[in-house]
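Everything below concerns the one structure shown next.
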Amino acid sequence: MPPAVEFRAVTRHFGPVKAVDSVDLTIAEGAFFAMLGPSGSGKTTCLRLISGFEQPSAGQIRIFGEDVSATPPHLRNVNTVFQDYALFPHLTVLDNVSYGLMVKGMGKTQRYAKAEEMLALVKLGSYGHRKPAQLSGGQRQRVALARALVNEPKVLLLDEPLGALDLKLREAMQDELKALQRRLGITFIFVTHDQSEALSMADSLAVFNQGKIAQIGTPAQIYTQPATRFVADFVGSSNVLPPTLTQALGGPAKWSSLRPESLRLAQTGPLTGTVQSQRYLGTGTRITLTAQGTELAAFLPAGQPIPPEGTQISLTFPPNALHIMDDTP
Amino acid sequence: MRSDAPLSLKLTAGAGLLFLHLPILLIFLYAFTSEERSFAFPPPGLTTKWFAVAWNRADIWPPLILSLQVAFLATILALILGTLISAAMSGAKFWGRDQLSLLIILPIALPGVITGIALRAAIPMLHLDFSALTIVLGHATFCIVIVYNNAVARFRRLSGGILEASADLGANAFQTFRHILMPNLGTALLAGGMLAFALSFDEVIVTTFTAGVGAASKTLPIWMLDELIRPRQRPVTNVVAMVVFATTFLPILGAYYLTRDGAETAGAGK
Amino acid sequence: MQTMKLMGTGLLALALATTPLLAQVTAVGDGEGELNIVAWPGYMERGESDPAYDWITKFETETGCKVNAKTAGTSDEMVTLMNQGGFDLVTASGDASLRLIAGKKVQEINTGLIPSWAKLDDRLKDGAWFTVDGKHYGVPYQWGPNVLMYNTDVFKEAPKSWSVVFEDGNLPDGKTNAGRVQAYAGPIYLADAALYLMAHKPDLGITNPYELTPPQYAAALDLLRGQRKLVSRYWSDAAVQTDDFKNEGIVASTSWPYQVNLLQGEKFPVASTVPEEGATGWSDTSMIATDAPHPNCAYKWLEHTLNSNLQSDLSSWFGSVPVVPAACSDKSGVQTAEGCKANGSETFDKIHFWTTPIADCKAGAGACVPYAQWVTDYMAVVGGN
Amino acid sequence: MTPASFPARGLADRLTTLFWRHPRILLVLLLTPPLLWLGVVYLGSLAALLLQSFYALDSFSGLIVPEFTLKTYAQLFTQSNLSIILRTLLMASAVTAASTIIAFPIAYYAARYAKGRLKAAFYLGVMLPLWSSYLVKVYAFKLILAKEGIVTWVATSTHTDWLLTAALSLPYVGGNSLATSYLGTFTVFCYVWLPYMILPMQAALERVPTTMLEAAADLGATARQTFWTVTMPLALPGIIAGSIFTFSLTLGDYIIPQIIGNSASYIGMAVYQLQGTAGNIPLAAAFAVVPILIMLVYLTLARKAGAFDAL
């Protein structure tokens, strides 16, 4: 069984700018895959390369083993949920959802039936006659989803799908999307700049930086074993330690990462410094200190005494918490 | 939230509008004057006979029909060309884009007399005779920008993704054009077309240069120019002006509502 | 590209096929259904201005030639219109006709095809303004003087001199003439100034107002520059002038009898006179364009223009003198012998007819200021310089 | 199991694929007809006209000598022709300035305060005069401004004729009557082109978000400061767009100064008369170069100011 999507040394230039720089990527069938990265890192371009709105300057893209280099978007069995939903303002919800079936030549009764079915699936069964302008943001999001899914695509692409929703709705939709993906078994690929969203939803994810993939792995791998300083910094606000400090802590002369939650207060410890600030986070308190010339953050779970600002403290950590990284940033 | 307008603003705005309309009221008044050849103020007497006279004047109808035909053809041409440019301009960046935007505006930004005299010099070089068709040629040239402006503004307002969304859902370029682009662009094109039509219908400067000889090239404004220069039954021109004024009322109102509603729908995709 | 070429060739062939040969017409065939004429305002009446004056409708019914008239306010405009082509006929004045002949824009007339030619006024038959090397290039239409029109409320008796429009001064009502007089916008009006100087500055030695040596010309221009201060608007259009007499307080101006008739017809207090200096005048000729698209209709029209009824009505309507003397007295139209006299039929020898100024004049080759110079300088004067 | 891609269903699909593979082809197809029209017919016409300006008129035969010369341009720089150009520029600038001032309250009221029906009424109020016959309007003004016309009649009946007399006795701009003075020409120009100024100005003002004005007020700006520091700079593109019309239209009009005014010539009139009456096409073409150059500079500056988006 070929992978759902495969990038082979794909490069995309915009003038002199390399938006995507020789990327190799394999996304397994049925995966819920996230592309994570700051804006301008190339993740959205990768998504548009899969849908066909961008064409690679070099390299090859395969969907289910099939080279789609010469296939325009409208002939790719791939659908997209756009960031701003891109609903057709002049069509009703029902016509929006059945649009893909209509242009493929399906009769009215049949396509409306399928569209109604899909609307029911996204819990918008009674909204078919409305115009997009009469819907709330969350409802439009579901219409966009239904409009894409009704075509039974091999791969569903989602571009910052939850970006425009408020926090509560976003959390509900995260669960719904996840459940929907499991139920349909379709490969979902979504793009986001929100690391917590990526970590909580995806089976596996790729972290993008400056047109390249910095790391691919499961959320746990990415979180606990960041491959580069960039990943450690971008995903979950790790402490990044320079080679000298790593060495002082007993590691090799390489960059390393240390999660704030693995640090513990101790009478004596390898790290000592003065508390500079503290921030109460509900489940605990985050304090910052400068130790051995490096600014560090530590997460102290609730129920512990919190040293006030200005106090000299020592910190310790379990031996396996110090994660050694590649030297590449 | 918005407070009421200051009195001084209301007064100046009102005075400005009055300035725009007093001469028009005068045109209406002199459609009823009993004087025939040249006007003097105040009118010596009032009569409604000029409406009947205008109706029966055989020489009004051919220019009126010609003007409608010319405006119609010029509008169609401008619609096609203006839409093509706006589609090209709203797509990818390409070399010469800025120069092209200048070129489109040129026929209306340069004085009509320049456009007129240039076409006057060029048309014989194309082995064309001056005729109603060359009037259409001239009018279409400066109507393009009217259509273009309306269309390009709508392209800009269209939530950019909907054309991509259509392709994504499996529509080819022609299906996207028919099902997505035209319904969303339609009202803007209609509004642009109406404005272009009205502009062509009243145009006199370029027309005097591109018109042929004889009755076959006599548009309504040219007829009016003749009538005004050589007055006989001058109130008849006022009657015609008044009727044209009254009949443009609805299309202009229509264009207003079309572009206004269009803005709302197009913005709603966001 | 190939198709473009083919189309071009096709158009060219079509153009050649429809262009009549330049040779003189030898017979008048059936009308072509249409006739395009460039004419002075008031020359082409179809009863729309006044139902009593209609000399087009009958012609149209008889010949099936539909007449389209394009009016021109100055001779220069007429020449330009004829240069642009597409017209069949022009009613050219003497300051345009020779230019048209020299520019080969009008064709020789076969007088044998115009039976009424014999009825023409003998003084006009071989007029130098349309006859070159014994060949006739047109058929006389009407002639008349450029009169001084004045408001009879202001002038209890006719002004004796053109000075009322040329010299700064007070009018009989005691008020200044500044802003109350008008001048003609055509460059040929320089001749009116020259005519005035001929009487008032004899030392300049002007003998012919159309043949001016540089010093004479400069004096005429100076006079016109002085006149600019008195004139608030020039007229090139008969209707504009009648409006200005009614609404702008204009009381004296050079004019055509046509405007005098129009205003008198509206009971407006004006009259006209030919002052002691004499007057310039026009003698207009109907000429056929070289590439006239409707030559048969054109010949039919030429014959029609010499019909006594048209000549009589036209002279009464326009205030001009018929070129067919019989039209004054044969009661074929509304004109009468007194009317002809009032329009200046006996002033023929006193009128300095419009003619195109050329550099080679009696004073010698290149001794006079040519017309192109008149145009430039007079435009500058009117433009305020 | 559905495939990863669908086969092309016909010509439309294949063409779409072609356009997708080579977007330039679509661009070329879209641009060819308008470029043929504007680039070849229109620019070609202008070029042909400009070429003529390098020819000269033979003063003897009155025919154009098709040989390169700068003689015609030398003629353009004679005193009388320069004064035509200067007069036209002054008039166009004055008309543009005055139109801006008169248009502003109308545009501002329509954009900021008018709503619903009132807004539609304002729109109609501006559009209708724009589309009612230009010629008939100009002739109506003849009647308004004539010595024995409406203005005089009103002035006499309200005993304000001293004001009119004072205006007419102003040096240079005054005259025998409004209809035969610069004041009259100026008034009619302002009247006829006013809607062309109001519409883009209103559009630009409407685009100024209310929140921005509120932000300015919130930051302590007075109404006057808000107006000059926020509203005006944001409305400027619209004003410039409107001024393109008022300036250019005044620059080229030849009908208004013929009907209302003191027979003083303007560029448009000069072009028309030289071409139509005098048959001096080279000089007419040289005259035409003046507004072309002025407008090209004007448009370039306007584009930099973002005025094209406001057109």
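By written order: A, B, C and D. Residues from 1 in each chain.
FYI, contacts are C-beta pairs under 8 Å (C-beta built on N, C-alpha and C of every residue); 3 or more make two chains touch, one makes a residue touch a chain.
A quick note: this is a predicted structure, and the numbers were derived from the prediction, not measured.
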item: Pair exhibiting more inter-chain C-beta contacts, C-D or B-D; value: B-D
item: From subunit D, the most remote chain by mean C-alpha position; value: A
item: Computed distance of Cα centres, subunit D from subunit C, in Å; value: 37
item: Inter-chain centre distance, subunit B versus subunit D - centres from mean C-alpha coordinates, in Å; value: 15
item: For subunit A paired with subunit C, centre-to-centre distance based on mean C-alpha positions, whole Å; value: 89
item: Separation of mean Cα positions, subunit D and subunit A [Å, integer]; value: 54
item: In subunit D, residues with contacts to at least two other chains; value: 6, 9, 13, 16, 143, 146, 148-149, 275
item: Sites on subunit B at which at least two other chains make contact; value: 39-40, 167, 170, 172, 175, 228
item: Numbers and ranges of subunit A residues touching at least 2 other chains; value: 52, 72-75, 78, 104
item: Chain pairs in mutual contact under the definition given at the outset; value: A-B, A-D, B-C, B-D, C-D
item: Residue ranges of subunit A touching subunit D (in the complex, touch as defined); value: 52, 55, 63-66, 68, 70-78, 104-105, 152, 154
item: Interface residues, subunit A side, partner subunit B - complex; value: 51-53, 72-75, 78-80, 82-90, 99-100, 102-104, 131-133, 147-148, 151
item: Subunit D residues touching subunit B - in the complex, by the definition given at the top; value: 6, 9, 12-13, 15-16, 19, 23-24, 26-27, 30-31, 33-35, 37-39, 41-46, 48-49, 52, 102-103, 105-106, 108-110, 112-113, 120, 122-129, 131-137, 139-141, 143-144, 146, 148-150, 153, 191, 194-195, 210, 244-245, 248-249, 251-255, 267-268, 271-272, 275, 281, 284-285, 288, 291-292, 295, 298-300, 303, 308, 311
item: Subunit D residues within the subunit C interface of the complex; value: 57, 59-63, 79-80, 83-84, 87, 142-143, 146-149, 175-177, 179-181, 259, 261-265, 270, 273, 275-280
item: Contacting residues of subunit C [partner subunit B, same complex]; value: 8, 11-12, 15, 34, 36, 41, 48-49, 66, 68, 70-71, 84-87, 237-240, 242-243, 246-247, 262, 266
